[in-house]
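Both of the next two complexes hold subunit A, though its partner changes from subunit B to subunit C.
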Partner chain A sequence: MLLRFVTRRLAVAIIQLIGISLFVFFMIRILPADPVARLVGLNATKEAYDLAAHNLGLDQPWGQQLLNYLGIYSNRPGDGVLQGDLGDSWVTSAPILEELVRFLPITLEFITYALLIAFLIAVPMAMAAATKPGKTADRVTFVWGLFAGAQPEFWWGLMFVFFFFFQFHEWGFPSAPAPLGRLNPMVSEPHTITGFILIDSLLAGNFRAFLDGAHHLMLPVFTLVFVVSGAIIKMLRQNMIRVLQSDYILYARSAGLPSRQVGFYAMRAAMAPAMTLVGIFYGFLLGGAVPIELIYSLGGIGEYSIRSILAFDYPAIQGTVLIIAMVSLLIYLVIDILHAAIDPRVTF
Partner chain B sequence: MSVQEIVRPAAASNLVMEARNVTVRFPIEDAPEVTAVNNFSIQIKPGEFIGIMGEPGCGKSVAAQALLGLVRPPGYLASGEVLFQGHDLLKMDPEESRKLRGKDIGMIVQNPRYSLHPMYRVGQQIAKVYRAHNPVTKQEAWDHAIAMLRMVGINDPERRANAYAHELSSGMAQRVLIAIALSSKPKLLIADEPTSGLDVTIQAQFLDQMWENVRQTNAAVVLVTQDLGIVANYCDRVLIMHKGSVVEQADVHSFFRSPNHEYSRAILALQREETSEERNTREVKVDSTSKPLIKVDKLTKLFPIRRSESKVHAVDGASFEIRPGECLGLVGESGSGKTTAGRCLLRLVEPTSGDIFYRDLNLSKLTRDEFRKKRDKLQIVFQDPLDSLNPRWTVEQCLMEPLNLHSTMTAEQKRARMQELMQLVGIDPGQIHALPKEMSAGRQQRVSIARAIATNPDFIVLDEPTSALTPETTAEIIRLLMDLSRKLGIAYLFISHDLTTVKYICHRVVVMYLGQVVEVGTKDQVFNTPAHPYAKALLSSHLFPNVENRRVDRAVRETLQGEIPSPITERLPKGCYLYGRCPSQKDRCKAEKQELKTIGDGRQVRCWRVAEGDLPIEVAVGH
Partner chain C sequence: MTITPGPQVAATADASGVVVIPKRRRIDIWRKYKEEKLFAFGCTMVAIMLLLALCEILHLELGLPTRITPYDPNFATGNVSVPPPPLADWPGLLVDTIFNGAKPPHWFGTDNSGLDVFSRTIAAPRTDMTIALVAALVSMLLGTFVGLICGFYRNIATEVVMRISDLLQSFPVFITAMVLVALSGRQVWNIVLALAIVYAPIFVRLTRAEVMSQSVRGYVESARAVGNPEWKVAFRHVLPNSLIPSLIQVSSTIGFAILLTSGLSFVGAGVRPPTPEWGLMISLGAPQIILGEWWQSIFPGVAISLTVFSFAAVGHGLEEDYG
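Here is the complex of A and B:
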């Protein structure tokens, strides 16, 4: 059952990915932009311009460009997407796949931690808020939701850096590290296996790198937790309140279940829809955590995609969109499987 | 678990519970508070089966919950005490009363499937409640859950314990609730309309089971219900509530014999009239030799299932006739196809095959447009009166519509006709500008009826016209329908699962099961000597409000095994549709399709054993 569901979903995902690739491929070529001019400069001669266009393959008709990109009936050296090659960046000349493999885990790592922590914070807070609406816990979560969710994350990032790095340092407290990347330059970077710095350093047994990595991740993760937890708490609280009024909770009470047990009953029912929200956040944050990546100089995939777009780096844009879409679809799939594990009414 | 283990010595005190002057109020913004329950008092002895009856909103459910010390917010207990073994439940601290709930006082509610948690296995839910009140290990609790499921009559309890609520039928889910409620051997069981929404055969199975179980444990039961049949057949004593107060409290026998309060007399009206002179003058005489007004021949309706070859067999070759002025009852449980059959008759649902004749006209051969012109003679009244009236239309607009569509009257004539209609159905002329939601359900149904008779029809399909109404209004509507038939000579197809009203109003009865007609006969034939095994079981399961022949007093309580199979092509039984549930089945029934055959006394029965005289027709035990 599960296997069939996963196979079917993956098949659909492949069709979606093909659609997305084609769409992006043609859309960026329709845009009124001239990547060649951007590379060679406005004062370049006609010859230099044509040469550059030829080197980039932009002198070919769109159909041939697409074939070259895909890697079938290609009239240029090198493989295409179907052979697993996303091409080289026009800006850095490095293979795009290599760059993505470097940048994607950076973003994945800190949003994964942030969403996990946000969910873990949200569950007890929503439970406390929903069991006694209008009481202290409820007010606190209400203010938290308004306060944290209403202000943009770059602002919170700035504030966090100012207080926890600058002011704490001034006051002589233990402070956060400078917002300059994932590790102190003095610490030797662990060999890349998963690209997650905490996991890689543990695998390498490099404890110093682990602590330093955690130290550097602290502020970006908490900035994100602060921003997204408001929404998750609000949704959980809303679900909890609805569930608490349901017939089965009333019946659980009339059957004399202890209130802790009743709380668990309600939580389980309230959690499933909130997990979908976390999944949506995940997909969104993959490309949308740019402000935090920039403020803490992490260099994630969001930052990379912005850079590619500003440089009209077609292959990089196509590759980034494809990879982000792929990861998002996988995450949605995982969330759906988890949802079904919690709620037996969901069938594949 | 054996019977001996379950039996407990009688409680030392001779009362299980006593409630004194309980008052529950609901605050309403910008209005005076509503007193939902006013000075409610009750004394419950061990092993007693007490019914609390009343119309919706009379406070009976609120009173039952108050006995547990619970009130749905924002309501509150204004005064009174609920003494359980000498302690006042309302003054206990929450943890103490929590310990009593579910242990010494069990509760069953309506909507069983929504009252079970959707994400936990039902066995776990029973075990959790058991563990909340008893010091046992998880394994012991689970074993107990399975023992409880077996005790409440669930087949294969080990497998069912692993099911989730949505995988169970309502009848099965209701049994799970009773397993939860009885798991700690309570001294008192409070059941709040436990069988509303269940079919009669399932209802009988369930109530029998509950009755057996509490007799074994000597628990007292407070049963909240709207159904006179349940009260008459199971309860020892009954409390009648009206507008928040108890208006009558009596032993069931004396209650049915001589109700004291005016309201009690109103709800017992139909039963009390049945034998009286008044009924004879009300009954319409039908010439049984006259030509049929409506003739249905092999009517079949199949609903396709998306992405599947198989179909839902809603109506499976139904044939019957209706004579002018006759009321034909169409009875069966949910899923028997009776509603679909009624709709096919008026082509509100297009039949898949079969013919419908109105006098000499084959309705099924008409084009939609030709048929539309006939609709003034063929009308329908639906179950839910509020749903079937346009919420923004006044009574006047509702009644004008058919006149505008089907008549050539002048405005003056229409107004006169409307006055006449309102008088016929008994609506106060002052209500002409009222909207549906401003009227009671009974009034709404009167408007629906007036609308149906506006164009002088010959024939009306009454699709469960009284099942959304209280017993009191049901009696009024049934009388109205009979009066109209007598005055205007209208024939009815009366579709209902309520055999009590069918018995009162109909001349002949058609019994349907799984889309097939299994028996057609006169009212007396079907009700007094049902021939088909399904008709027998249906009649026997139906709880007629008759205290002289209570179901619990019968030696044999005939009922069917299991539940109705779903009417999907490949799931339908090969031979007789009742095979597998029938108490009289033989090997031959398994593969042999059954035909509707006329037997000696003129009725038609779909059972070879009856047709060949192999199964004797006896006087039914039902009433």
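Here is the complex of A and C:
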């Protein structure tokens, strides 16, 4: 059953990915940007311009460009997407897939920690709020949910830098590190295995890098938790209140189960939809954490995407969107499987 | 102020022939304003921001003397990186400026090119509010129209439109907006258009769902029975009754649009300097923050925070009564 569900979902995902790729491919070409002029400069001669356009393959009709990108009936050297090659960046000339594999884990790492922590904070808070509706805990979580869901996360990031780095430093407290990357330049970087700096340094037994990495991840993760937790708490609270009014909870209560156990049952049912929300946040933050990455100079996929967008680097834009969409779809799938594991009412 | 949404129908029969008397759905916004603090706060803040935007726009477009910023928000004063005066001096300075005609101080300091932060913060609604309002309205109009057509006429063509809308919704929002704005030139109207495209699918989905549930109601059948053409049934009868979910969504969409506008400027894919825009101001002040110059980016951030929260509060209030 599970296998059939997964294959069906993967089939749909592939269709979606094809749709997204085509859409992005044509969208960036319809918009009135001139990547050739961006590369050769505005004062370039006609010949230089044409040569650059030819080298990039932009002198071909769109149909042929698409075939070249896909790698079928290509009239250019190199493979296409169908052979697993996303092409070379027009700015750095490096293979895009390699660059993405280097940058993606950086973003994945801090988003994962942030969402995990936010979820762990949200569960007890939502439980406290929902079991006593209208009381202080409920009101606080309600206002918090409304407030944090509507905040400019990049501004809070800056404020945290000011407070925990600059101000703590002034006061002589142990402060957060300067927002300049993932590790102190004095600390040797662990050999890349997963790309997650905390996991890599543990695998390498490099505790100094582990501590320093955690120290540098502290503020970006805190910023994200701060912003994301509100929405998760809000949703968990709503679900909890709804579930607590349902018949099977009434039954569990009347059967004389201790209230803690009833609360646990209710939480299990309330958690499943909130996990879907976490999945959606994952997809959203993969591309949407750009400002936070910029503030802390983390150099993840968000920074890569804004750099390639501002440089009109078409292959890099296409590759980034494709990879982000792919990872998000994969995460949605995992979340749905987890959903079924938690909630016995869901079957494939 | 009383709003009665859509034409009221006395009594109708639903699909199974059971007579349903619709609840008179009206909200008394004035009563709500007086009774609910959060809603009142939201409405007040939104009104203030609209007023600030209006003052600037009237001054810029019609040359009316409505400019209330003490300094020109686009013109450097020559005083670079001046910190704001200490809070204890504010009352004295206020009296001096208002009654003694002294030169107004830089209430929020100046940034490192000498632009007055206070003037720019209260001039910025002209950019942020305009972009967000117009974008939200355009996406609502577009989304409602497409949603109505797709919900009312169910065939292969509208099914394809729905799939495209779904596809658009599955895109990473921030990246799509960055691509649309950066590649079409960083002009204000391009940002509006980009935001409208990004947010339209939400309205398509909301309207379509409501249209589908309304189309099986009895009043639609009655409208058909008395000989109305199909388009008239759709636009005169179904549309007004399907607007409520979209109208509620608009408020929070405006809030999100402000967040996205300022986020885009922050990463360098939004309006160009020196346009007064909150996100751009934060981004200009960002390199100074680790040097301790907090005033350049704290005030525009507070403005964004308050404005977006206010729109969320208004949206939440409306949702409670309507949704």
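The working rule: the second predicted complex is superposed on the first by the 345 of 348 C-alpha atoms of A that agree within 3 Å, B and C clash if a C-alpha of one lies under 4 Å from a C-alpha of the other, contacts with A are read in each partner's own complex, and residues count from 1 in each chain.
The definition used in the following text is that a contact is a pair of C-beta atoms (placed from the backbone, for glycine too) under 8 Å apart; a residue touches a chain by one contact, two chains touch by 3 or more.
Keep in mind that what you see is a predicted model, and the values were worked out from it rather than measured.
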Touching partner for A:Y49 - first (subunit B), second (subunit C), both, neither: neither
Touched partner set for A:Y248, first subunit B, second subunit C, both or neither: first
Subunit B versus subunit C as contact partner of A:F5, first or second or both or neither: neither
A:D343 touches, of subunit B and subunit C: first, second, both or neither? first
Contacts of A:V290 with subunit B and subunit C, given as first, second, both or neither: second
Subunit A residues touched by each partner, larger count belonging to subunit B or subunit C: C
Touching partner for A:F168 - first (subunit B), second (subunit C), both, neither: neither
First (subunit B), second (subunit C), both or neither touched by A:L257: first
Touched partner set for A:F147, first subunit B, second subunit C, both or neither: second
Residues of subunit C defined as touching subunit A within the complex: 38, 163, 167-168, 170-175, 178-180, 182-185, 252, 255, 259, 262-263, 266-269, 279, 282, 285-286, 289-292, 294, 297-298, 300-301, 304-305, 308-309, 311-313, 316
Contact footprint of subunit C on subunit A as seen in their complex: 16, 19-20, 23-24, 27-28, 31-33, 143, 146-147, 149-152, 154-156, 158-159, 161-162, 165-166, 170, 178-179, 283-284, 286-288, 290-291, 294-295, 305-306, 309-310, 312, 317, 320-321, 324-325, 328
Residues of subunit A defined as touching subunit B within the complex: 246-248, 250-259, 261, 265, 268-269, 342-345
Subunit A partner contacts - residues on subunit B that touch it in the complex: 65, 68, 70, 72, 98-103, 106-107, 109, 111, 114-120, 128-129, 132-133, 164, 166, 177, 180-181
